[in-house]
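Order as written gives the chain letters A, B, C, D and E; numbering starts at 1 within each chain.
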Amino acid sequence: MNLAAHLPALQVVLPLAAAPLAVLLRGRGAAFMLVTLAAWAAFAVSILLWLQVNASGPISYALGSWAPPWGIEYRVDSLSALLLMLVCGIAAVVLPYARASIERELRQDVHYLFYAMFALCLAGLAGIAITGDAFNLFVFLEISSLSSYVLIALGRDRRALVAAYQYLIMGTIGATFIVVGVGLLYLKTGTLNLADMGVRLQEMTSHRPVLAALAFLTVGISLKLALFPLHQWLPNAYAYAPSAVSAFLAATATKVSVYALLRFYFSVFGETAVFKRLPMEDLMLILALAGMFVASAVAIFQHDLKRLFAYSSVAQVGYIVLGISFDSVTGLTATIAHLVNHAVTKGGLFLLLGAVMAGMGGTTLARVHGIGRVMPLTAFGIVLCGLGLIGVPGTAGFVSKWYLILAALEKGQWWLVFLIVASSLLAVAYVWRFVEAAYFHAPRADLAAVREAPAGLAIPAWTLVGATIWFGLDTSVTVGSAARAAAMLLGTGAP
Amino acid sequence: MLAHIWSHFDYWAMIFLAMAGLFIVIARGNLIKKLVGLGIFQTSVYLLYVAPGKIVGGTAPIVAEGFRVYSNPLPHVLILTAIVVGVATLALGLALVVRIREAYDSIEEDEILRRDQAPDGGGEA
Amino acid sequence: MTRDMVLRVVAKLLIPFILLFALYVQFHGDFGPGGGFQAGVILAAAMVFYAVIFGLDNARKVLPDRLVETMVAAGVLLYLGVGAAGLLLGGNFLDYFVLAADPVAGQHRGIFWIELGVAITVCGVMLKVFYLFAGRGPEEEQ
Amino acid sequence: METLIVNVLLTLMMLAVVVLARTRNLFSVIVLSGLYSFLMATVMVALDAVDVAMTEAAVGAGISTVLLLGALHLCRSEEAKPAHKPWLPLAVTASAGLLLVYGTWDLPAFSDPEAPIHKHVAPRYLEAGPSETGVPNVVTAVLASYRGFDTLGETTVVFTAGAGIVALLRRRRRKTADKEAP
Amino acid sequence: MTPEHLILASLALPAAGAAAILACRRAPNLREAATLASAALLFLCVAALLPGVLAGARPALRLMEVLPGLDLAFAVEPLGMLFALVASGLWIVNSLYSIGYMRGNDEANQTRFYVCFALAIAAALGIAFSANVFTLFVFYELLTLITYPLVTHHGSDKARNGGRTYLGLLVGTSVLFLLPALAFTWHVAGTTDFAPGGILGGRLDGLALAGLLALYMFGLGKAALMPFHRWLPAAMVAPTPVSALLHAVAVVKAGVFSVVKVVVYVFGLDNLAGSADWLVAVAGFTILAASVVALNADNLKRRLAYSTVSQLSYVVLAAALLAPLSVVGAALHIAAHALGKITLFFAAGAIYTAAHKTEVSQLDGIGRRMPWTMGAFAIGALSMIGLPPAAGFVSKWYMLSGAMAASHWPAVAVIAASTLLNAGYFLPILWRAFFRPAAADDAHHPHGEAPLPMVIALTLTAAGTLALFFQPDVPLALAQQMLGGLP
């Protein structure tokens, strides 16, 4: 068999198979090895796919050899290739970290289940990003959702249970909305294949079921991507989950949901249906701005760093959606680039917060007093990632913000430029709460002897911190891919 | 108009059930009742898929001699999957409820939130 | 309840029939309604019935926890194995045509094994969940 | 006649849900939800979806009810009186409902053979399914072969839930009553 | 070494110096030696670039393309050369001074201090050599962030509040105004490269042009144009060598340097005609208002800070006049004010170290105990007022000539009035120091001069202030080349 031809299937099947194998083997060491190897292999596969797509255009893979639309199609184009690389890359970095971190946070007899759930979450997210079938998307969404509910509930704090329950309710409502939307589309087109749907919808976009489907899909996916004001599940879920889970979910889950939104908007409904026939631009603009400002403002007043940065994630989702609302190549480039940039930044940040948790025994601002002295590297890493969130030049965050500003300028929306930069000032405010806690207070007496994070936690975290800086200086991968994907979505460039 | 309502009755029923389920999920504070509502909400969607697939006078899509008209099999397949997803979600949700009950000694949302806000309520184990 | 002779006798008579019905649902799924999922549920139901009548500990002796957990994973692996077999024999993932010389026979073979995989996992999960819920008495709280 | 049966059953289901929403005894709620699922299974039979009916009966009326009762047994609880006026939930559900009314208004009428779903994709399953897969039950053919990957996903969902519940509910090896959350 | 290597070396040297300082943190003597060595090497590097630039060469270096059309690139042009010379030259002196100050006052966290200092110089050189607005913006932000730990060095509540104001205003203005200005420039011109004669070339006019100018002028918050000047007095909580760095060398000079650079190379003097009048008014107001505040300040460092606010606006005012002569004056004033003000801060720090005095009213008779220090202070004060034989006279002369040549009488009046005000707040200090008897309680606290390194440093800068008056050839040549004059 020619392995290169089957990369799309392997992309999802490798992590998917690692999960039951991990359960079968039960040993935590074996489970760790297995899942990590699968994640690394998946990362390698995603890189190969990305290269393949860049070289020779989109790849279609017929599962079960049934040609689409009768069978399920896997479809890799420049957007999904980038997302796959992001999701698998983050997983490949977070897993080695998880070994060191869950040792501290989880009972040993559930470790192998943790790894299994992690592998499933990865497989689910990858499945969403790669599939070309609307219902298959829902199935893999549920795989990733169910596994993330469990992963969150495994957090040490009892509030993790409530957070997971709330996420389960909100997530299931969202998923059901998506099913309703897909159902309406199916009733109207008779097909489930996304590309086929897109073709068949072209002649009948103004029909009411299609608009209703658009609304249901938007609401459903917005629940999953935590678009303001549908974000209530997110802060608690990120705050009380085990550290490795917070990092992985913060970096990937909402990003993949954004991907699904883009996929439906631009590949199924088509730009015209979404933006010309409905006031979606204005609606998304308002929600995005509200998210950027309200969530940032709320973040400033948090006492716990994990919650603080969770609210920051809601604000950053605002930036991402803002880019979509421009409905232009530049705007979409900003959105897609920010998907990647924010993922590495926030992923690195939550990994470092996990190291803080391990060292200082908590992440409240009062507890991390003086961390700049006792854990200087970790504290410095958090500051670097914080600068990335602010969008300081030289960090990844600047790049995406730059494109957002350009997109606003292209539309002649001067006032928006100022709102975008003003919201970064709110980010300065919440990042500086950490800086002052870390550098202007003496550590609590019982924590003065805390040592720097062990290598098992530090190396993965700094890999992502390094990526934040790297993507701020060399943007050929991020912006290059994002620009290609944006051009493809809007049909203005080669796919 | 009346004919339209009658010919779309399956949709109306589906909408009513979906909204009733959604209402129970959002408005009720009991964690088990919420899950029951969630189940109804999910179940109602089965109708949206399956009902339009029915052709009056047709039979179940099991091909056999003597039948010509079959109802559409694809929605059935999709809904089979949806049912399984639904029960998986329900089971997981109930497991969470059991754990929450053990941790908080309550399964009323308001009560749980109140206990976390109490000064000694939160904290790590 | 476990001391009730009548129930025990009825159960002993009934459970084989339930098992038989499950097998029918499993293997007749090609021709009538049914398939792996339903069969798995029915199998699990038979076991649950057994546990209710004869007690959880006796049920655990028949199907121990470890075995049940193995079933949970084994079914999915079987399914994936069929998919991988398609790959190894030169087709796409989950391609049944290549599983046998005759494409339709290959389809038959593929469907048979994946239905079996589904049944094993579903049955395993149902039983496992039942064990966990039943084994967790409310009085065991503090 | 078939339409009438379906509509009567649907009306019964709506009634069941209304009673369910107003009931605060959780045991009754669970029984009602079982009844609801049973009615749903019957509707599915009437809609020619025999596989769905069988599964809904086994899962909705069977497993779900058992699970709910088991959880209720572990929680021993009655539903408390709602503390808030349900205006916000009403508004949310009403707007979603209106959206659905809007969206379904133009959909094909019940049993319209000209509907798109009867014209595209599905006909091939009915015409070629049995000969391509050798399985006369087209639902099985689509489930296990054409859309076999969905079913793999579905099995994985079950596996995920199972393994997840083990992770959540497994007790420590040592038979102590302690829990990791206070 | 080719000029390109020299550019790279001037950026890398201070950064490498920072690493060396960090590596030697356990051995203070070695650490200070590393500081001095890298400072000296850096100055040599920068000075080696000078002959070429004076001869008309414009070495350039493209580091990387961050975004399509946005390069991290460097190019040495005359104004940047001047700023780099000032910054690298004064780093040597300042290091010498810091050693005396930090040891004399037994400060904590000295390693962090030297590391941040070296990095700040690297950022300042990045600004000096930036080839486009984007690179300038990157290093501008970097400079803010690196100097933040210096400002808050003491870690007290007061330091933290000062740091908040410092960071809030500098980051706030740069993000809120400079970033949109950068984006808008790119949007309009398709490039952000500095080029003689400007890059906007008629693409904007009227309100849009004035608006963009306003974005730049207020966005370059380090130039301390009112109402965004409050960070400067707030940053006075820092140790004195830092104040010297912030207020004489790196930070404020980066601000006014960028102002001149943007006016000359982005807008172009000719294109701005009619769009910069409001800036003359704002700068004039800042000059006068800040002088009045300085007049009423008793704290010596606060008085010096407001003097800086006022002096910076001279540069802005001179640039906004758009007359070639006054723009030359602006460039000269960057160097002149740097030398003069660093002398004044050195003196203030020496007084604090030796006599533990911070208020002007405490300085009676101090001139007799610290003759070197107060002598240097006198020279610095003359330069601020603009009297010969100090460098300030030369630059002010050019500004005034420019204003007169442009027949801009209000500007002439502002310069004249502010000279009187400057005299009004500097001369009383000298009078107290040299002609009033020491207060009675001083007898209990005998002290002489500050530690020797500090005295050497302030003597050197005072001498430099004088030298620049007598030999202004190099800065003058650079300033004239900036406007297109040939070597």
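Operating definition for what follows: a residue touches a chain if its C-beta (ideal position, glycine included) is under 8 Å from a C-beta of that chain, and two chains touch if they have at least 3 such contacts.
For clarity, every value in this text was computed on a predicted model and none was experimentally measured.
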Chains in simultaneous contact with subunit C and subunit D: A, B
Nearest-to-centre chain - CA centroid comparison: A
Farthest chain (mean CA position) relative to subunit D: E
Chain separated most widely from subunit B, comparing mean CA positions: E
Pair sharing more residue contacts (C-beta pairs) when B-D is set against A-C: B-D
Computed distance of Cα centres, subunit C from subunit A, in Å: 36
Chain centre separation in whole Å, for subunit E relative to subunit A (CA means): 44
Inter-chain centre distance, subunit A versus subunit D - centres from mean C-alpha coordinates, in Å: 29
Shared interface positions of subunit D, touching two or more other chains: 50-51, 55, 59, 63, 67, 70-71, 74-75, 96, 100, 104-105, 107-108, 115, 117-118, 121-122, 125, 136-137, 139, 143, 145, 147-154, 156-161, 163-166, 168-170, 180-182
Residues of subunit E engaged with two or more neighbouring chains: none
Sequence positions of subunit A contacting 2 or more other chains: 16, 19-20, 23, 63-64, 135, 139, 142, 146, 149-150, 153, 156-158, 161, 180, 184, 186-187, 192
Interchain contacts (touch definition) - all pairs: A-B, A-C, A-D, A-E, B-C, B-D, C-D
Subunit B partner contacts - residues on subunit D that touch it in the complex: 2-3, 6-7, 10-11, 13-14, 17-18, 20-21, 26, 29-30, 33, 36-37, 40, 43-44, 47-52, 55-56, 59-60, 63-64, 67-68, 70-72, 74-75, 77, 79-80, 82-84, 86, 88-90, 92-94, 96-97, 100-101, 104-105, 107-113, 115, 117-118, 121-122, 125-126, 129-130, 136-139, 142-143, 147, 150-151, 153-154, 157-158, 160-161, 164-165, 168-169, 179-182
Of subunit C, residues touching subunit B in the complex: 31-33, 37, 129, 132-133, 136, 141
Contacting residues of subunit B [partner subunit C, same complex]: 60, 62, 80, 84, 91, 94-95, 98, 102, 105
Complex contacts: residues of subunit B adjacent to subunit D: 4, 6-24, 26-30, 32-33, 35-37, 39-40, 43, 46-48, 50-64, 70-81, 83-92, 94-99, 101-103, 106-108, 110-111, 123, 125
Contacting residues of subunit A [partner subunit E, same complex]: 387, 390-394, 399, 402, 405-406, 409-410, 417-418, 421-422, 424-425, 428, 432, 436, 439-440, 472-475, 479
